[in-house]
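Report on the following structure.
As written, the chain order gives the labels A, B, C and D, with residue 1 at the start of each chain.
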Amino acid sequence: MKKTIILEIEKINPERAVLIEGLPGLGLVGKIASEYLIKQLKARKVAELYSPHFAHFVIVDDEGSLRLLRLEFYYWKGEETNRDFILLTGDCQAQTVEGQYEVAGAIFNYAREKNVDLIITLGGYQREVVGEPRIFASATNRRLLEDVMKFGVKSSPPGSPIIGVAGILVGLSGFNEVDALCLLAETRGYRPDPKASKSLLNLLSKMFKFNIDLSDLEGEIARYEKMEERIRRIERKRKATERERRAEETERIFYIG
Amino acid sequence: MKKTIILEIEKINPERAVLIEGLPGLGLVGKIASEYLIKQLKARKVAELYSPHFAHFVIVDDEGSLRLLRLEFYYWKGEETNRDFILLTGDCQAQTVEGQYEVAGAIFNYAREKNVDLIITLGGYQREVVGEPRIFASATNRRLLEDVMKFGVKSSPPGSPIIGVAGILVGLSGFNEVDALCLLAETRGYRPDPKASKSLLNLLSKMFKFNIDLSDLEGEIARYEKMEERIRRIERKRKATERERRAEETERIFYIG
Amino acid sequence: MKKTIILEIEKINPERAVLIEGLPGLGLVGKIASEYLIKQLKARKVAELYSPHFAHFVIVDDEGSLRLLRLEFYYWKGEETNRDFILLTGDCQAQTVEGQYEVAGAIFNYAREKNVDLIITLGGYQREVVGEPRIFASATNRRLLEDVMKFGVKSSPPGSPIIGVAGILVGLSGFNEVDALCLLAETRGYRPDPKASKSLLNLLSKMFKFNIDLSDLEGEIARYEKMEERIRRIERKRKATERERRAEETERIFYIG
Amino acid sequence: MKKTIILEIEKINPERAVLIEGLPGLGLVGKIASEYLIKQLKARKVAELYSPHFAHFVIVDDEGSLRLLRLEFYYWKGEETNRDFILLTGDCQAQTVEGQYEVAGAIFNYAREKNVDLIITLGGYQREVVGEPRIFASATNRRLLEDVMKFGVKSSPPGSPIIGVAGILVGLSGFNEVDALCLLAETRGYRPDPKASKSLLNLLSKMFKFNIDLSDLEGEIARYEKMEERIRRIERKRKATERERRAEETERIFYIG
């Protein structure tokens, strides 16, 4: 694998489609939202994206199966919404600037091939949160931004840098004159934050008249709280491991022949 | 976008043109100068440069619009000056050595296509400043350097490393036997320094008989001082965010399936 | 050398072959195991792999000979085992994510060309060890994993990141629908750990009915303990050297012409 | 400039040529030696090597001229020595592993085109030095090493990592079955060390019967001591500058439009 590739599991042919991206980032806000949406809509997986820019490790799943890090595209034909949807989630983001551009470019090209004419990226916006997390938006053009501000969304403060694929994908869209919208929910960002994801899902439901049940997110919140405990334990161990691996690396070069 | 590209907005056909580059760097000296010049000359934008080497974020402008980081070429047909001018400004510089070479190469090629036979790069030279900031020059050849020394400019001390596009662009020019000049104004460099930019603009006005009004730079100085206050606030927040994002990254790899 | 290349010393044509990889990593567990196996089976070297992603140094061997860092493929025609074996060992791993993917890809392609239908990667799993080091496995599919669990091997805990070639090679195999297995032996990882390697070798012997003598590993354990002493000395010196080299680098740029 | 290139100033056609490389490294031992040799032999410059892997800055020379970082090949037709010589010196080394391989590859290819059948790399070997700095050698083959050991040179201790072009160039030579020799002189490495260079020059003179006067190196030693003083001053300033530039970088991203 020399560059980023997309593996189609099923050929789809959407009309007037929307791509909604939610990859890991601040507070996991985007990823939690996109995965919840996928589950609720019962969207089906239609493609996977692999990239040599992802990370120098792989992960074991619950079954003891080991696989490369990847992104996943899900498809939902929105009969009532008058729109088809491609939902993107995944394990990680690229490790370098050049990798970020390559991966975002591959996502964009896939979206265009599938007649996507609106790209929405989801993420977190770090700050102290009082009450329901608010949403900040930016877009490739003013009209699009004003459309979404009707739902109570605020315009992102000028000068905010938007990090990672949520930003670059919208940037590439603008560059190619495709409509795109970046929606960031307030989050303290210190830990997985399904509450912020809920704000995003609420907004998306209003925008596209999704008929989804958000009550399960409460369960998610509990689940993430438990998971966090476990993660902290694993993470402590992993860091020790990494430290050792590095120590090893400086040593191993002497074990020749 | 796999490599650096230049998007022409308008085809121009200058004669005996000069390219003046002022990108972000020490004290923002070059960028402030080039942007002030663009405004004063009412130069019009003719091209944009995009690169996957720029950064892993994008920026929101005053309108809530989000776009990729980019450089911008402006054109001014200097009727009285007997010279045409291409002015370059932008958001950032490339993140890696290889990126710096690629971007500088793209700028250089564009310049050559447009009959540029003199390239001038602007920047800051860090040191304590007493009185009016002085200017230090280096060039692709001695004759060019002596020409500019007539205006009271000093020769850059031997051994000075010139960092970033201001240096590499001149280096590439010399390599290709095109005349180029690097002009650095003294600056403490701790903050945006329009005073140093003013020294550069004074020099350029003398060199090319620009008929521009520098009084507005005083306004700029005030404006930058206010902006600085705001930046320090945003920056503190951004750093916290970045710290969190990194913490997140080490955690998020566990949220699979 | 612009990319990773494999140099064949001898063309081989195995049938139903197994590739066993053991490169430097945590506790050198994989490397010690693969090299011991090579020696015991009297496997012969059939190919070498070189890569510009390996490291910015080379190494002197016992004879004062200096050579590039490399990996080595050994071949053993397993008459009694009903299987042919390609054994992979080497000096190092790639330095970047992209390099890891490129090198793992080259190994995978070589394996496929040689009719390998099972890839096994060896490594260490960091934790406190009580008694005989246990082995944790993950695989490209459940069936394969269950096969090896019959030998008392445990399934790797979900969420474990597997770092480096041991992980990516299995990931790439799964991606290409080739069976692969990652076997990690418990190790504290602080130093070369032939005891953990012994656990791996025991398992491999059972799996493939290797007729090998593991008693020499006791000698290895002693040998590595002595070597460690020496390494610590060399390493202290090397670190000092590296520190100086870096100091030098910042200085040397001034010694021009 | 997308990759490393060599610009020939003069086409040469040596016979049975030797390439001697001395680039900046530990104690500047190799660079001082190669430059002294070039001066003494009155070798003439025949080619320059440029690379996008060198560094993100350029340098101003004594004349206020600014040029790209580069390496330089000099040629000396050794009538009495029965051998022709290509001498390589330069400003720097590549910044990444991949860059090191690319640059070393370009040097190697140039050498081969010019009928070089022996490559010698020069450098420092860090340790406490008692009396005259001794020389440690490693080579692509034992015979070559023994040849040079006749001159009192010691074999490099096994396991020594040889960093940078001095190592990789010899490694690439061995890989391509061309004879190559790496000669490292003892140096504390803390500062430019012409004394260590003198040991190398003494050895080369014996090996190739160079008729050169080493007395000037005493002058060099004095010159470097003075230069050091100046460098420490410049370096302190440069570090401050670099610190500021970094601070700037985090700030400048907010100065959009």
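Note that a residue touches a chain if its C-beta (ideal position, glycine included) is under 8 Å from a C-beta of that chain, and two chains touch if they have at least 3 such contacts.
Everything numeric in this text was worked out from a predicted model, so none of it was measured.
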| item | value |
| --- | --- |
| Identity of the chain that, by mean CA position, is farthest from chain D | A |
| Superposition of chain A upon chain B: rotation angle, C-alpha, nearest 5 degrees | 90 |
| Proportion of interface numbers common to chain B and chain D (over half same, under half different) | different |
| Inter-chain centre distance, chain B versus chain D - centres from mean C-alpha coordinates, in Å | 34 |
| Approximate Å spacing (C-alpha centroids) for the pair chain B, chain C | 49 |
| Junction residues of chain A, two or more chains touched | 55, 57, 59, 61-62, 96, 158-159, 161, 234, 238, 253-254, 256 |
| Partner chain C, residues of chain D touching it in the complex | 24-28, 31, 55, 57, 59, 61-62, 91-92, 96-98, 100-102, 105, 126-127, 137-142, 145, 155-164, 167-168, 170-172, 174-175, 180, 182, 189-190, 192, 227, 231, 234-235, 238-239 |
| Interface residues, chain B side, partner chain A - complex | 1-2, 50, 52-69, 95-96, 99, 234, 237-238, 240-242, 244-245, 247-257 |
